[in-house]
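As structure tokens, here come the structures.
Next, two complexes with chain A in common: one pairs it with chain B, the other with chain C.
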Partner chain A sequence: MDHLPALLIIAPLAGAALVFVTSRSVDRAITCITAAVITGLAVLLVARVLGGGALRYEIGGWGAPLGIDLVADGPAALFILLTAIVGSAVTAYATGYFPVTEPTRYGHGLFWTLWLFMWTSLNALFLTGDVFNVYVCLELVGISAVALVTLKGDAEALRAGGRYLFASMLAAMTYLLGVALLYSAVGQLDMEVLRDALQQPGAAASGAAVGLTLMVAALVLKTALVPAHFWLPTAHASAPTPVSAALSALVVKGSYFALLRLMLGVMPPGFLPGVDVALAVLGSIAIVWGSVQALLQSRIKQFVAYSTVAQIGYLFIVFPLARTGGDVLALALGGTLLHATAHGLAKAGLFLGAGSLMERFGHAEIARMRGAARSAPVLTAVITLAGVTMMGLPPSGGFGSKWMLISASVQAGQWWWALVLGLGGLLAAAYMFRVVAVLMADTADDVGPARAAVRLEWAPLVLAVAALFLVLAAPLVNDLVAISSLVPPGVMLP
Partner chain B sequence: MSTYLIYALGGALVFAIGTYALLARRHVMHKVIGANLMGSGTFLVLIGMGNRTPDGVTDPVPQAMVLTGIVVTVALTALGLAIAKRYYSVTGLDNLDDEPSAGDRP
Partner chain C sequence: MAWLPVLIPALAAVGTFVLGEDRARARNALNLGAAILTAGIVTTLAVRAYDGTVTVSTLPMLPGVDLGVHGDLTGLLFAAVASVLWCVTLVYAIGYMDHARDRARFFGFFALCISAANGVALATDPVSLFLFYEVLTLTTYPLVVHSGTAEARTAGRTYLLYALGGGTALLLGVAWLTVIAGQTPFTPGGALHAVSGHTTALRVVFGLMAAGFGVKAALMPLHGWLPGAMVAPAPVSSLLHAVAVVKAGVFGMIRLVNELYGPELASSLGVAQVLAALAAVSIVTASVIALRQDDLKKRLAYSTVAQLSYITLGVALCSPLAAAGALAHLAHHAFMKITMFFTAGSLAETLHVKKLSEMGGVARRMPLTMSAFAVAAFALAGIPPLAGFASKWLLGSGSVEADAPWALLVYVAAGALAMGYMVPILLASLRAGDRGSRTGIESDPRMLWPIVIVGAMSIILGLTAGMPGSPIHWAMTAVAPSFGGVTP
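Moving on, here comes the complex of A and B:
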């Protein structure tokens, strides 16, 4: 049996345990080695999936329905690779970030262990093929994420972490009740077995429908779709910068991916009538509301966090388009996954760049960061290039994804989503230009000395440049989307 | 009324009480207890499900889910209490709704 999926969970878990028991002095070295190993394994997984199709791994050799299976299909491999790339950049950034802020600050020494634990649970969440295991992985992600948010230990971080934890608890318990009701109606937990069972005539029992509705609602809360986004801006903004980047780029994608598998991979089309349109409408509201809030923020990390609220909205347009099936489904899903990838890279770059700007200026007020283009040219380039992806200008990944989603909307005869996507691009241009204009102003505000660690500038630049040229990777994304249980076999991509 | 139905309805009631406490109460301890009640309600539903197999042999899967759920809930509760304790010692506040005033900060 091919043990690659299991290794992708074991490697970061072993790294996390090792960091915890060894001396502080080797924390960074172990985390960097672990990140390199995971990245290698992720590349291997993508190559294996592209070459030989989706992998199914039976943990302990038990096999579904009794055991728990891991499923490494195309989208899972894509998200694992995204996590590995963003995770490596975040790790490199963190090695420069943590020593230069006060080393004795509460809890900072625990960053490395918690970060690798979060990486472990994210990989597990992307790979799991079992609805109950999704619950366990979501909670592991949530617990490590809340602990990372509160690392600073001051009142603001604790308050943000506490609110995040209670939102997380509400979602967790709701999801678990949903699993209980679904199991009582169908008696299965494995996603593929569930899909077959739900397609049987008479399977649309009210128990299964109520259970799945609760599960969808819980995942929407975890993904911070408007109006359940209330916890996100404070949690993402008050965390240490590497944590902010990982939360915004990766953690919201984890719960989103579980939702995608439930909506497209488990439920037959039209199983919960109206839910797909409702999610896309909420997504549209999120695009507008998040963008307007981003325009109004005066502090730079809050600005980036509200931009995440807006960008999450794009991920939900796929659901009513998917109902059309066939080529439109493949196109919409490809566009959505490309958007998730582009947003992951660009948003991590944007958060890391914003954090470095804050350190340079010694404060977080956007209005007092004038003239950064001269004093911090690399960081200004990061913000600008990441902004190109947020707006969806060519050749960025944001352009490719919006083009595919708009084409899918037109082909499905649901042109109104295309309007929302266009409006979202304009609003993103408005909020990005507002910040870029300040950074490029002629007058200059006081700026601190350049930092010794060049990683604090280059790690975000690499991510922003990768997002900028991501449209070149669109064929790879399309190939991976085709190897998925979410797309029926035989559908050809353009 | 079947045994399962009693468990399911009781569980749903406990779950609803817990949801109310988590959403409507402001004190951090009330919220933590509310989340635990939500978990207990779900566990009641799951435990009651065990005897519904046609041959009368108990289905072990819901019990395994309850055990795992308890472990997860304990971890969440511990983290919630740790945050509440530190937040109280830093700000003197017992809820997360009020903005801590400038004088509260360390």
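Moving on, here comes the complex of A and C:
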């Protein structure tokens, strides 16, 4: 049996445990080595899945329905690779961000353990093939994320953390309730077994529909889809910068991925009538509302956080398109996962870059960051290049995903989503260039000396550049999307 | 091979950013070397294309969509103009920006713009063209706001508003088209015969794409960004806002009408006629507005709006001669207008003269510069045997051929108006004034000689119009397949 899926959970967990028990002086070294190992394993997993199809790993050899299965299909492998790349950049950034000399500032002695633990939970969430296990992983991700948000320990961080904790707990409880109802109605928890069970006639009339509705609502809350986004901007903005990047780029993708599995992999088309359109409508509202809020923010991390609220909206257009099935489904799903990947890379870059700008200027006010193009050219480049992905302009991955979603909308005869996508790009340009124009101003605001750690500039630049050329990776994403139970067998993109 | 005109300037840009602000010599050498190399490669591709060999190169991108470039004659004419003028403009810009700040940023983005413009020129199909078209929008923005002043940032915002709005229209049009017809490579005479039944969809798609190209082509009423963008440094106004960026728009129109829809389908759908009417209105209106501008660069900008619509009108007439004239005018106008913008830049930089009313005495102070300007001005107005005459002759006879005498009337009237807005500039420079009393003559030689060279080109291109390799001959050869042969 191929142990790769299990190793992807064990490796970060072992790292977290090691960091916890060893002396503080080796925290950074252990985390960096662990990140490198996970990245290597993730690349191996992608290669394995591309070469030999999806992997199914039975924990302890028990197998479903009795045991718990891990499923490493194409989308899971893609998200694990994304997490590995972003996670490595975040780790490198964190080694420069948290000052070695002041171990108690930001309480970051705990950062390394919590960060690796969150990584563990995320990988487990991507790999799990069982709806109850999703609950466990969501809780683990949520708890470690809340702890990371409150690391700094000041009043603002605690308030944001409290709100985040509330949303997280509410979502977890709702989800658990849904799972309980589903289990009492169907008696199954494994996703593939569930899918077959739900296709039986009469399944929709049972409590399963109510249970699944609760589960969808919970995941929507965890993914911060408007109007359930109330917790996101404060949590993402007030966290230490490496945490902000990981939350915005990766954590929201975790619950989204579970939702995707539920909506497309577990439920037969039309099982919950109207929910798919409702989600896409909320997604469209999120695109507009998040962008408008991003335009209005005066502080840079709040600005980036609202951009996340907007970008999350794009991920929900896929659901009504998926009903059409076949090629349109594959195209829309490919576009959506490409968007998630591109957004993950670019948003992490944007947050890390924004955090570095804050450090350089000593404050968070966008309006007083004039002249950064001259005083901090690399960071200005980061903001601008990441912005290209946010706007969905070529050659970024954002462009590729927008193209595929627009094509899918037109093919499905639902051209109105194409208009939303077009409008979203323009709004993103509006909020990104508002900031870029300030950075390009000729009057210069005072900047502090550059921190010695070049990682504070180069880690975000690498991410932003990777996102900028991601359209060239679109064929890889599409190949991975095809290796999954979300796409009906036999459908291959041209 | 076909990728090189895109790749070399892009690599030069990366090198420029890496070299940084202070290593001016290395930067200049790198950029000039890249420019000369690019021009050489474009020439090589053109020689091959004349022999009938079109180099194509694609790489897979999105499902069912490849990113491709090819060296065909139509595209290479635009690429050749951009690359050759890049060499000249670099020399000018090195002189112009001698004491300026942020030069690494300036030259880096300048090279990126050329890379994108060459991509627009050589793109094999609407999707690839769209990709480079948007990259061109983005890479031009830092140049428009280069000075960082409030005025520049306002101009930048206006530019983005128009350009990204147009880009979104173009994206929707191209995506819709791709759903209807799949990826359609540009083919002389049109690529949409198989789907010509979708008349309504094709009309809407044409409208969306023409609106997208119309923004950069400054087709009225989409021209609003261009006069404001003149706040950019002179080399940007010269090469980008007279050549690369705006020509990317009209070049898109040429591809759209001749090689995507094909003249036949475009006129049977009725869309070409609408485009022609818009262009005609744009020519006359912009020329009249140009008459009243005191700011030299603004006057030139409105003249550009009018001249770009010459090209759009020529394409929209759907006749072989007019189409050839349009493509040739794309090249000729580039040389004429860049001379004028170089001159405006020299006047502003050396004498701080920006308005016609301040120009008294400059002809005495800068005799060579103003002579080159005069040649270009007369060429633009269509005085034989200069370059502008040759392309306008084709446009005019094309109007007759297309049985559109009103278009001929528009061209003749526009020629008269061009005299009307050009001659006052010359007269203003000849008036007595204190500008002549300053010591020294002319400007920095690195600014003077490029002006003289491009000015002389207005004469040379006019005299050699009939020879193989001249823009006229090139354009006639390039558009011939779209019509099944051009009668000279």
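The definition used in the following text is that the second predicted complex is superposed on the first by the 488 of 494 C-alpha atoms of A that agree within 3 Å, B and C clash if a C-alpha of one lies under 4 Å from a C-alpha of the other, contacts with A are read in each partner's own complex, and residues count from 1 in each chain.
As a convention for this text, a residue touches a chain if its C-beta (ideal position, glycine included) is under 8 Å from a C-beta of that chain, and two chains touch if they have at least 3 such contacts.
These numbers come from a predicted model, not from an experiment.
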After superposition on the shared chain, which partner residues are touched by A:Pro201: those of chain B (first), chain C (second), both, or neither? neither
Looking at the overlay, does A:Pro273 come into contact with chain B only (first), chain C only (second), both, or neither? neither
Could you say whether A:Leu189 touches chain B, chain C, both of them, or neither, answering first, second, both or neither? first
With both complexes overlaid on chain A, does A:Ile143 touch chain B (first), chain C (second), both or neither? first
Can A:Gly61 be said to touch chain B (first), chain C (second), both, or neither? neither
Partner chain in contact with A:Met169 - chain B first, chain C second, else both or neither: first
After superposition on chain A, the chain A residues reached by both chain B and chain C are none
Chain A-touching residues of chain B, taken from the complex the two chains share: 8, 15, 18-19, 22-23, 28, 31, 35, 38-39, 41-42, 45-46, 49, 52, 59, 61-62, 65, 68-69, 72, 75-76, 79-80, 83-84, 86-87, 90-91, 96, 100, 104-106
Of chain A, residues touching chain B in the complex: 132, 135-136, 139, 142-143, 146-147, 150, 153-156, 158-159, 161-163, 165-166, 168-170, 172-174, 176-177, 179-181, 183-184, 187, 189
Touch list for chain A against partner chain C, complex: 330-331, 334, 371, 373-374, 377, 388, 391, 393-395, 399-400, 402-404, 406-407, 410-411, 415, 418-419, 422-423, 425-426, 429, 433, 436-437, 440-443, 471-472, 474-475, 478, 493-494
Along chain C, where are the residues that touch chain A in the complex? 59-65, 101-102, 105, 127, 130-132, 134-135, 137-138, 141-142, 145, 147-149, 153, 156-157, 160, 164-165, 167-168, 171-172, 175-176, 178-179
